[in-house]
Amino acid sequence: MLQLKDKYQSVRSRSEQICTSLETEDYVVQPVVDVSPPKWHLGHTSWFFETFILIPFVKDYKPYNTSYPFVFNSYYESFGKKIIRTDRGNLSRPTVEDIYSYRHHVDTAMTQLLSDTPSAEIQTLTILGLNHEEQHQELLATDIKYILGHNPLFPPYEELVNQPINDNSEMGVIHVEEGMYNIGYKGNKFCFDNELNNHDVFLAAFTISKALVTNQQYIEFIEDNGYQRHELWHAEGLDWVKNNLISAPLYWHQINNNWHYYSSRGIRKIELNEPVTHISYYEAAAYAAWKGMRLPTEFEWEAASPRFQWGQRWEWTNSAYLPYPGYVREAGAIGEYNGKFMVNQMVLRGASIVTPPGHSRSTYRNFFHPHLQWQYTGIRLAQSGE
Amino acid sequence: MLQLKDKYQSVRSRSEQICTSLETEDYVVQPVVDVSPPKWHLGHTSWFFETFILIPFVKDYKPYNTSYPFVFNSYYESFGKKIIRTDRGNLSRPTVEDIYSYRHHVDTAMTQLLSDTPSAEIQTLTILGLNHEEQHQELLATDIKYILGHNPLFPPYEELVNQPINDNSEMGVIHVEEGMYNIGYKGNKFCFDNELNNHDVFLAAFTISKALVTNQQYIEFIEDNGYQRHELWHAEGLDWVKNNLISAPLYWHQINNNWHYYSSRGIRKIELNEPVTHISYYEAAAYAAWKGMRLPTEFEWEAASPRFQWGQRWEWTNSAYLPYPGYVREAGAIGEYNGKFMVNQMVLRGASIVTPPGHSRSTYRNFFHPHLQWQYTGIRLAQSGE
Amino acid sequence: MLQLKDKYQSVRSRSEQICTSLETEDYVVQPVVDVSPPKWHLGHTSWFFETFILIPFVKDYKPYNTSYPFVFNSYYESFGKKIIRTDRGNLSRPTVEDIYSYRHHVDTAMTQLLSDTPSAEIQTLTILGLNHEEQHQELLATDIKYILGHNPLFPPYEELVNQPINDNSEMGVIHVEEGMYNIGYKGNKFCFDNELNNHDVFLAAFTISKALVTNQQYIEFIEDNGYQRHELWHAEGLDWVKNNLISAPLYWHQINNNWHYYSSRGIRKIELNEPVTHISYYEAAAYAAWKGMRLPTEFEWEAASPRFQWGQRWEWTNSAYLPYPGYVREAGAIGEYNGKFMVNQMVLRGASIVTPPGHSRSTYRNFFHPHLQWQYTGIRLAQSGE
Amino acid sequence: MLQLKDKYQSVRSRSEQICTSLETEDYVVQPVVDVSPPKWHLGHTSWFFETFILIPFVKDYKPYNTSYPFVFNSYYESFGKKIIRTDRGNLSRPTVEDIYSYRHHVDTAMTQLLSDTPSAEIQTLTILGLNHEEQHQELLATDIKYILGHNPLFPPYEELVNQPINDNSEMGVIHVEEGMYNIGYKGNKFCFDNELNNHDVFLAAFTISKALVTNQQYIEFIEDNGYQRHELWHAEGLDWVKNNLISAPLYWHQINNNWHYYSSRGIRKIELNEPVTHISYYEAAAYAAWKGMRLPTEFEWEAASPRFQWGQRWEWTNSAYLPYPGYVREAGAIGEYNGKFMVNQMVLRGASIVTPPGHSRSTYRNFFHPHLQWQYTGIRLAQSGE
């Protein structure tokens, strides 16, 4: 199991690498409910290995601290009481140092376990735990940006991004013919349960853009009063715009009549040719309506994906997050992973510059509530017909 | 156009017939935001004809009262300011008598217009207006039940229901084979824009129950601690249960250890063999999970619908309310009818005992937010595989 | 007891007289939590006599309806469950007609009881009940104005006001010397328990205006940016202004650059020389600060009251509503009348044009939360020193 | 000015001393709106000296960071925009280290300024700044307890308390005769503007307890169902109890049927003879009602204060926080110190074990909203009559 142990160490150390440039204080705060404190992510991912592997499978394993499950359980009802989500940013203890010790404690036990030949079940759970940690790595990156980008000092930081980014410069559209397309994961490596069953979907003909919508193009929408034109919006989207006084993507600031945004380099002028990002589903859908087009469904996206470049931004689709035919939720706590979130969320496809390398695939289904902007989200346009 | 005029008169008088047994006070109140005061429904449906037909097409038409558009516009942003939805129950004026005069004023003008040979456009809009009024007739029935069923005096009332109700006694399941199924409206009569385009969907094999779940069966779920077993629920469903202390369908009361419910005959013992109703999507999905089954998708429902009896209860499906391939929103205010609601809602299929006769068809797509219980909603179970 | 019976009949009929020009629908609604539906006032005042007198003292009295206590109890915890206050406007039943029957039922029993020689205790409770009803008459007048004045049709109505109103034209100030002043009720007629004990208060010298602040004067404050100048406001007052976008007294509307207000005659131009009314404590205090003056304390007001005209508007004082020395709350439910409200409210002194005749006296302590505008409230200025 | 410089250094270093045992993370969080992060207190008190003294009076003073005023302004509207109070715990930057540097920067400049002979105005402002810092020292102590006492790990910490605490063992009551009593500050040292003018108040005879109510006595109230007996409570107090499920003072936990509380030594058994603390005004008033007594007014408290021991707990009075006769708010930003809070708060008299030594006097008026428990608050009982 040398390979799995190496993989374990590499994934685990990447989480800490993401936090390299943080000050201790940056690990602690939770400016909005959707953002978790970085130290919470570091603790929660360790709790996952402790809870699902070490405690049930390692006879003499000694839990690091019996209060930690209460602090680091995220949403697993099967494991009893947990702090409410909005309280994560109210906890100064365990300290950052404590949590790194906790990680070390868990890593020592896991490394030892993986040094022998662990059972297939342990291997499966370990792989799940690593994929889980990679998902949190992406959230870590997103949350750190939110924490620092909403600080009035707008501090720069080191961001761990994938290289190289494609240049989003391919023009034109892809024509996809009517027909039956195979959807979902079909292989023998890891996938999440929401990518199953692999099944066929019949699609009508459509076209889909090769490039993502750029900042320049999005500014045209803003300047054409896109946020004020009710006919472009879902009713709930319009309420969201009005109640939250939304007039641009997250992190955008108008300074001296020029659009700027916050990035890891601090506040700077917007790059006009970059794909627009940090927009909600409502904004993506309104932009598409303004162009007389629409967002692709997740099935269209997957069917066409071999023919365009992706991986730079999570792409909002017009599909709600629902189970595939034959989807079966696993028994026990592991079964809480995906199925219970399959309502009121929209699917995103692709990956972003902060998705861990190797974590993405064309069948991957990400999902968020339609009003959220804090992810690295983008827009690809589609249209029905040939 | 004798036929259309007759249809107009028949639909319009049915709305008033629904209100026959109301006291003046019952027309006024709005106990929760989703329920509108009956007098508002009566005014709003008249405003629809006045706004979309009489004012634009009848040269010398004199609007009944220039303040009414502000009061009776529901959600049409194209027509400017409107009272906020939660304020509908705060308005004592216009009085019920005023609103009946308003209806009479509109009916006189409409009847005259339809007595001649109106243009195709007017005919189309009139048919839309009548279907719109029929939708409000169903809401009227639902809202009246809510208003009286939440009054501490629990008054009985006359309910206008369809006869005869099928007996829900067919046992067993229907097997539907894998294959391509045609979905959506295909005909030359009226349908809503959300039923288009007619298109093909490829479905995997499934089975679907002939009968709806009964009160008796639902009580078994309650008694098996269904509301407490987190593993059966969507995460947001569980929050809804906890925050609202939900432990039974709407209108149910436990009196001396026996379940009773409020109906048009007042509080009475539950009929055990009747289909359970007034449950949210969350409850429907949790019940299905408890049975080891699931809700059908709207496509499965439509494909199988010729083979079971339906029409007694709106049936929750596991499909989110989204546009069909090729869906095009109409231009102008009429385009606000459906498309802007296509997010965060679940589709219901079928019809209920208070759906106006002739208003239902197997392609009809009703939709509500997943937490709502006040509609006449029921559960039909499905399962993947043959 | 002829006199008490006559008084009973006269007070009770006055409540109904206030409602003469209402439509049935006007009796039902509750546009904000502080406003109760007129039919609720009519029922609640009857419930008071039924609960405190008829049921305990009249052996064969048959309560009108055993569900009514749940509906018409206001805040008496001693009598068990009651509908929550915000639900008053959600109840269409009992109907207005039912409530008038209820009043008649109670009146018949009370009249018969008072025709004989009732005990001193019954007499005392009857007098309390009548004073209670007079308080609700004032609320009725205030609430009716709110209900109609917030209706987009702004209907006029008949208002039962006291005549004649003094002309508020006396200029200048009254000088009150330092000294001991007697405060609180001292007599043998009815007073509320919060007017006791009669006691001495030592006051420093002060001056107090003879006239109330007029609309004209208040407009000067508005035009001098009074609502924007933070230094004039209590911190909580400024929050209230900002959160509620307050920029003028309640019922004021700026139409074509002229201030108008809603009154019983509908929307009309403001009378500049009338005392300003429908302002919160925060506004009264900010206005006084703008003039370099202050509001009088309730003790200053009472001490100076023989020397100025009052009765036209409730006057905000700078005194919090607290018990007088030696105040003793009565035992039982009657003890819930005043004492439990003695926190977070400010005292108003005087009376208004809708206070029932004979209900006012210079020791009367009215009280409201500092943000409320819906009462007929006014401003009298004071200043420390001779 | 050696004395003032020494005083400056001693007060400033005491703030830092209070934080000695904190971890960096403890400085950051804000678990409820009333609690500020310790680092915010350390920054805000420095901002006070920078803003009111260094910038206006020291010609070549260079502000430490031009973004800090936005971060560290508490409620001074005169100085423009400020972060909203609930956001204090969302800011990871400036870091704790930054803030200590900021303190050092301010201290260097202030020390130099005080080394020469500063103007009387500067001296006055410095003294105000030091008293302001002492108030924040008390808040620091209170907030640190809240932060750690609401952490699921319940960590102990070093608490900077005054020694020795009196033993609260004197029994019996003090009789105070009817008469004129002098109230407010009368001297030539520092006092806050709310302690002025010194004036006479006429008081009726009363008795007041020598000792504070103990934990033992308070437990009797709990065990006699004090929290359930509505007749003991203000109406708003009862709402507060029910909405927040209050059943004991803050920090109390029932473990194995014994009352424990959180203190600087962690969770431990309650000391029965200690004065009860961390109770709201509502609880204090309900306890007094349960004993058939009442809380003293602030005037009674001050008049009797030479005759009992105090200083162990802030004592709720039955006086609302209002201006004294002749109170004049200062011009400019300094005038925002006290006057604008004089509504909806109750006065506390005395001092607590965490009040800085030398900061207390018998005329000192502390004030909080009636529902707050997080201060070291206690109960002294009074009664009218001789």
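For clarity, chains are labelled A, B, C and D in written order, and residue numbers in each chain start from 1.
Please note the rule applied: a residue touches a chain if its C-beta (ideal position, glycine included) is under 8 Å from a C-beta of that chain, and two chains touch if they have at least 3 such contacts.
Just so you know, these numbers come straight off a predicted model, no measurement behind them.
**Student:** Calculate how many whole Å lie between the centre of chain A and the centre of chain C, each centre taken as the average of the chain's C-alpha atoms.
**Tutor:** Averaging C-alpha atoms per chain gives centres 57 Å apart.
**Student:** Taking the mean of the C-alpha atoms as each chain's centre, how many Å separate chain B from chain C?
**Tutor:** 45
**Student:** For chain A and chain B, what's the span in angstrom between their mean Cα positions?
**Tutor:** That gives a centre separation of 36 Å.
**Student:** What parts of chain B, by residue number, touch at least two of the other chains?
**Tutor:** There are none in chain B.
**Student:** Determine the shape of the graph in which chains are vertices and touching pairs are edges (line, ring, star, complete, other).
**Tutor:** Chain contacts: single closed ring, each chain with exactly two partners.
**Student:** Any two chains that touch count here, so list every such pair.
**Tutor:** Applying the touch rule to all chain pairs gives A-B, A-D, B-C, C-D.
**Student:** Which positions of chain C touch chain B when the two form their complex?
**Tutor:** 23-31, 39, 67, 70-71, 83, 87, 89-96, 147-148, 150-153, 155
**Student:** In the complex of these two chains, what residues of chain A are touching chain B?
**Tutor:** Contact set of chain A toward chain B: 75, 77-78, 180, 199-204, 206, 230-231, 233-238, 281-282, 285, 294, 318-320, 322-323, 325-326, 335-336, 340-344, 346, 370, 384-385.
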